[in-house]
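For reference, the structures are reproduced in the following blocks.
The following pair of complexes shares a single chain, chain A, combined with chain B in the former and chain C in the latter.
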Partner chain A sequence: MTPTTNEDAIFEAVTGLLGRHRPAGAVVTPATELGADLNIDSVAAMDLIMEIEDHFEIDIPVNQVGDMRTVGDLAGLVRKEVAAKQG
Partner chain B sequence: MVKPTTTSNARLAFRSEGFATLAEGLDYAAGGETGVNFFGPRGDLLRALSYAELRGLALDFAARLAATRLKRGDRVGIVAETGPDFLVAFFGCQYAGFVPVPLPLSINFGGREAYVERLRGMLLAAGARAAIASADLLGTLQEAARPTATAFVATVRDLMDGPCVGGGLAPLGAGDPCYIQYSSGSTSFPRGVLVTQSAIAANARAIAVDGIALRQGDRCTSWLPLYHDMGLVGCCLTPILNQISVDYLATTSFARRPFVWLKLLSDMGGTISFSPTFGYELCARRAENGQVPALDLGRWRVAGIGGEMIRANALQRFAETFAPLGFDPRAFLPSYGMAEATLAVTFAKRGRGVTIDRVARGEALERRKVAEPARTASAPIRDFVVCGRPMPGYAVEVRDAHDNPLPERHVGRVCIQGPSLMDGYFRNADATRAAITPDGWLDSGDLGYMMHGELVVTGRSKDLIILGGRNIWPQDLEWAVERLDRVRAGDVAAFAVTGEEDEERLVVLVECRTRDPLEQVTLRRAVQATVQRVAGAEATVVLVPVRSLTFTTSGKLSRATAKGHYESGLLRDVAEAYEAGTAVPVEAFAATA
Partner chain C sequence: MDIFDKFKPTMARRSAVLAAGRNPFGLTVERVLSPTVGIIEGRETILVGTNNYLGLSFDPACIDAALQATKEDGTGTTGSRIANGSFGRHVRLEEAFRRFFGKGHAIVFSTGYQANLATIAGLAGEGDTILADSDSHASIWDGCRLAAAETVVFRHNDPDHLDRRLARLKDKGGAKLIVVEGLYSILGDTAPLKEFVAVKRRHPGSYLLVDEAHSFGVFGEKGRGVAEAEGVEDGVDFVVGTFSKSLAGIGGFAVSDHAGLELLRVASRPYMFTASPNPAAMASVTEALHQIERRPELRARIWANAKRLHDGLEQLGFTLAAPLSPVIAIRLPDEATAVRAWNLLIDAGVYVNLALPPGTPNGACLLRCSLSAAHEPDQIDEVLRRFETMRDRLEMQAAAE
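Here is the complex of A and B:
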């Protein structure tokens, strides 16, 4: 798998996990804001992180949540953690 | 494999009384085998620390702190992550004669800047001379500390690797402060409660002896944040002053996997655990969408509730959901308190469960402010949870606006007396004057009434917003929203409204200077984003006509009036007010943007 397709796959998976947070019909792009566009509050954020952790079998450092503004940021972090896990 | 600390001490006698300071309490607990245990996000035991080990590390850390430039009584900010380092630093300060200031954690998407500002506000208000965080958060804390008086920002590890003094530590004594609790106040003007050694000793003793009757064999389980009074005093300091073992789960782990809390209670044999209503609610809600694990909750004898208005329906759902696992609804123990009183003031009677006072809605309650018992089943009713009697040594008085005591069942300001009341907010005489009555009672800012000597809380008189147990200062939201394009100072009012089941909903009114529906959508979205960033909460954003917010004669925004107008329907959204039914759904635009 080339890095590009891997990147796309992770973005797709993250978008899929956004599922019920996503307003019907909304198109999610890397620039979509987690708070503003998807209205994910702090409890829903933890829910989402759990789903992502379970799906990718990674642990997301909670202190990095504050730096994540968009779906692209989130996918980037997942990518980093997945890469770290694969060593 | 890490082995958890035992529940009971083999030889050390259980003791709740006679500790004048926290250091004395830990010294005593260190004579046994009990201690603290930290669990990971999936309930795996990461680290166990007996109180003897904690004391050893804290003394070591104290010797390093004493070797720095800090002077006795200096404040040390500590980011209160749930882990051994926080306890080592907190107790290190006790042994070295410094005053720890627990600092909060933040978990909002995109909330970094708001978090840095909040930390900075607290460091400045406390005049902190040093600040401590884990390696993960060190950068954030350094950024926050840059324009403050802090001499250094470090991890526990950094200091442990540094020089130390040979001896001669002078712990904080009986007449000294103990720590500063920042749980209220806005970002720019945080209000820190200075908790003294005598206040913590008095409150911890009262909680243990009169509130929950702690005894040998009890074990505590907690996911509450250690920067909050309920987590710090209730589930950390009180257990230490009673040599009780505690099993900790980080708050963020609980929020992700609430069942891990129940699993720990079951696996470790926890008998005592506290949560705001929303913690119980989260478990019940998670059970609806998934499978409930096989657990034994039969040993849980005190399921304490506090920290926000207690909601009976949510607790009932929890009890019904988990009854098959042995949860006894009589374990529910409603309580009432606040950081200004160190923590607890009233407790309901143990073993009684949740008691509801069912009162008649309507003219008596809303206009005459009298909570009359509901007589007929058909008339509108309002259920309130009874929070119990003040503990021995404490007093609660419900007063009118002129400080006159009100008779039973009359709703008024809940005022408090007791041995653990704060002397005042740290370096904030104005806020102190506003909170303490001329005759020395604490005005809690809550509204309520007394019934057969028990307190019933009905709401708040002050503007503070409490969402899921978190205090949110409306000014923080208003100021942040005012900084947006097209919004001016004084255009915004934030408040919480209470729904049918006492759940709080955040409402932000913004005066709208544009008639362009597309610009209105953009503004609405920007306000929502701002609220998410600052408070990590969803808000109902209402764009109201210009000049519809009211101000007091002294120029202060009247949130109470704005809220009243909104609730009565007098203030409506411009989209709704001009052309009912043609409002453009936000999602439609977010999707195409």
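Here is the complex of A and C:
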């Protein structure tokens, strides 16, 4: 798998896991803001992170979640942890 | 750039709540007449949201102890224990906590908030991992932020999820600190501590911390909390608690059989760099602790009161968030309804807590009641009548819209 497709796959999976937060009809892009666009508050973010962690079998430390604003940031964090896990 | 710009969304929401009536985040109790009655807006109001679980805030012996201590040792300690030294009262209260819990080590802190900060951030250092329940209190999250360790979250009250997370972390070095609460303050549900202890024991290098802020004095035959009630005190490494609820003072504590707890006194900033609790608090809490030991009837009374309110609210058709406990949360369909209901109750002379997201799990909008051993059955019946009137008004308003 080339790095590009892997990145795309992770972004797709993350947007898939947005589930009920995904606005009907609207397109989610890496620039979509979790708070402003998707209405994900700190409590909802925690639930989402747990789903993502279980899906990818990774651990995303809470202190990194605070720096995350967009779906692109989130996918980036997942990419980093997935890469770390694969060594 | 205006430094207050970031608060715009918060301010907008606050304005909406205020437009529906009074300010639930800035209510003044003009006078407090007893553990269960206060004056709000000039009206005598039954207090059903104080966390004054055992009703000891007006106990004559506790008041006398505080007065006496103030006369003897003054109003304040004017500094931290590492700088100014400990007062005899700090040392004696720590001894009382060791005895009460039958544990080797105890430390008192200036508040329960700081007890969590000091214990969590002090214990979990670089390379360690904190595993926190997703419904944790703000003081636990802030302890995690202050800690050099990384924090991961497991699903609320889900030992299997904790187990899987610990398994995933098994190749990561460092100690694992699991953090849960005994009784959860918002919904009033309790942690399955037996199962959490079993999970902890399956994973070497992991430790369990239980915040018994709301369960201390209320759960367990001796009042030691949910760990005692579940018969698993041996499996709990650290118990944290507060003086601000059943002990009716201000301050916090941590107890443990691990001698390492004492290291927090020289290694944990929220212990080292803040003034120690004042003489009055030490003295009233020491007396309150004796009363918890000597007066098991206080526990019997609060549970009977909780049952009376719980059953009554259920009969009125309210949706309650958890099985019986002295914290009773009523679910309302949305924020506007919850705010309206809260205002109607204040109008009627009943004070409960309004709990809204993000301070609540899963976006819940709640009226939160907490019972006291000092409530009289008649008061609870009166509270139920006023809840019934509130329910009818809500239904009428909903029908009119």
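Heads up, the rule we're going with is that the second predicted complex is superposed on the first by the 87 of 87 C-alpha atoms of A that agree within 3 Å, B and C clash if a C-alpha of one lies under 4 Å from a C-alpha of the other, contacts with A are read in each partner's own complex, and residues count from 1 in each chain.
By our rule, contacts are C-beta pairs under 8 Å (C-beta built on N, C-alpha and C of every residue); 3 or more make two chains touch, one makes a residue touch a chain.
Here the structure is a predicted model, which means the values were calculated and not measured.
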**OP:** Sticking to the clash and touch definitions up top, decide whether chain B and chain C on chain A clash or fit.
**Re:** clash
**OP:** Based on the superposed arrangement, let me know which partner A:8 touches: chain B (first), chain C (second), both, or neither?
**Re:** neither
**OP:** Name the contact category of A:61: first (chain B only), second (chain C only), both, or neither.
**Re:** both
Original post:
Between chain B (first) and chain C (second), which, if any, makes contact with A:26: first, second, both or neither?
Top reply: first
Subject >> Per-residue touch tally on chain A - higher for chain B or for chain C >> reply: B
**OP:** Return first, second, both or neither, reflecting whether A:50 touches chain B, chain C, both chains, or no partner chain.
**Re:** both
Original post:
Once the shared chain is lined up, is A:37 touching chain B (first), chain C (second), both, or neither of them?
Top reply: first
Subject >> Of the stretches 116-124, 152-160 or 350-358 belonging to chain B, the one that collides with chain C >> reply: 350-358
Subject >> Residues on chain A lying within both footprints (that of chain B and that of chain C) >> reply: 41-43, 46-47, 49-50, 53, 59, 61-63
**OP:** Can you check the complex and tell me which residues of chain B touch chain A?
**Re:** 41, 105-112, 115, 134, 136-137, 140, 250, 252, 255-257, 282, 468, 525-526, 528-529, 532-533, 536-538, 587-588, 590-593
Original post:
In the complex formed with chain C, which residues of chain A make contact?
Top reply: 41-44, 46-47, 49-50, 53-54, 57, 59-63
Original post:
Can you name the residues of chain C that touch chain A in the complex?
Top reply: 132, 134, 141, 144-145, 150-155, 161, 164-165, 168-169, 357-358, 360-363
Original post:
Contact residues on chain A for chain B in the complex?
Top reply: 23-27, 32-37, 39-43, 45-47, 49-50, 53, 59, 61-63, 65-70
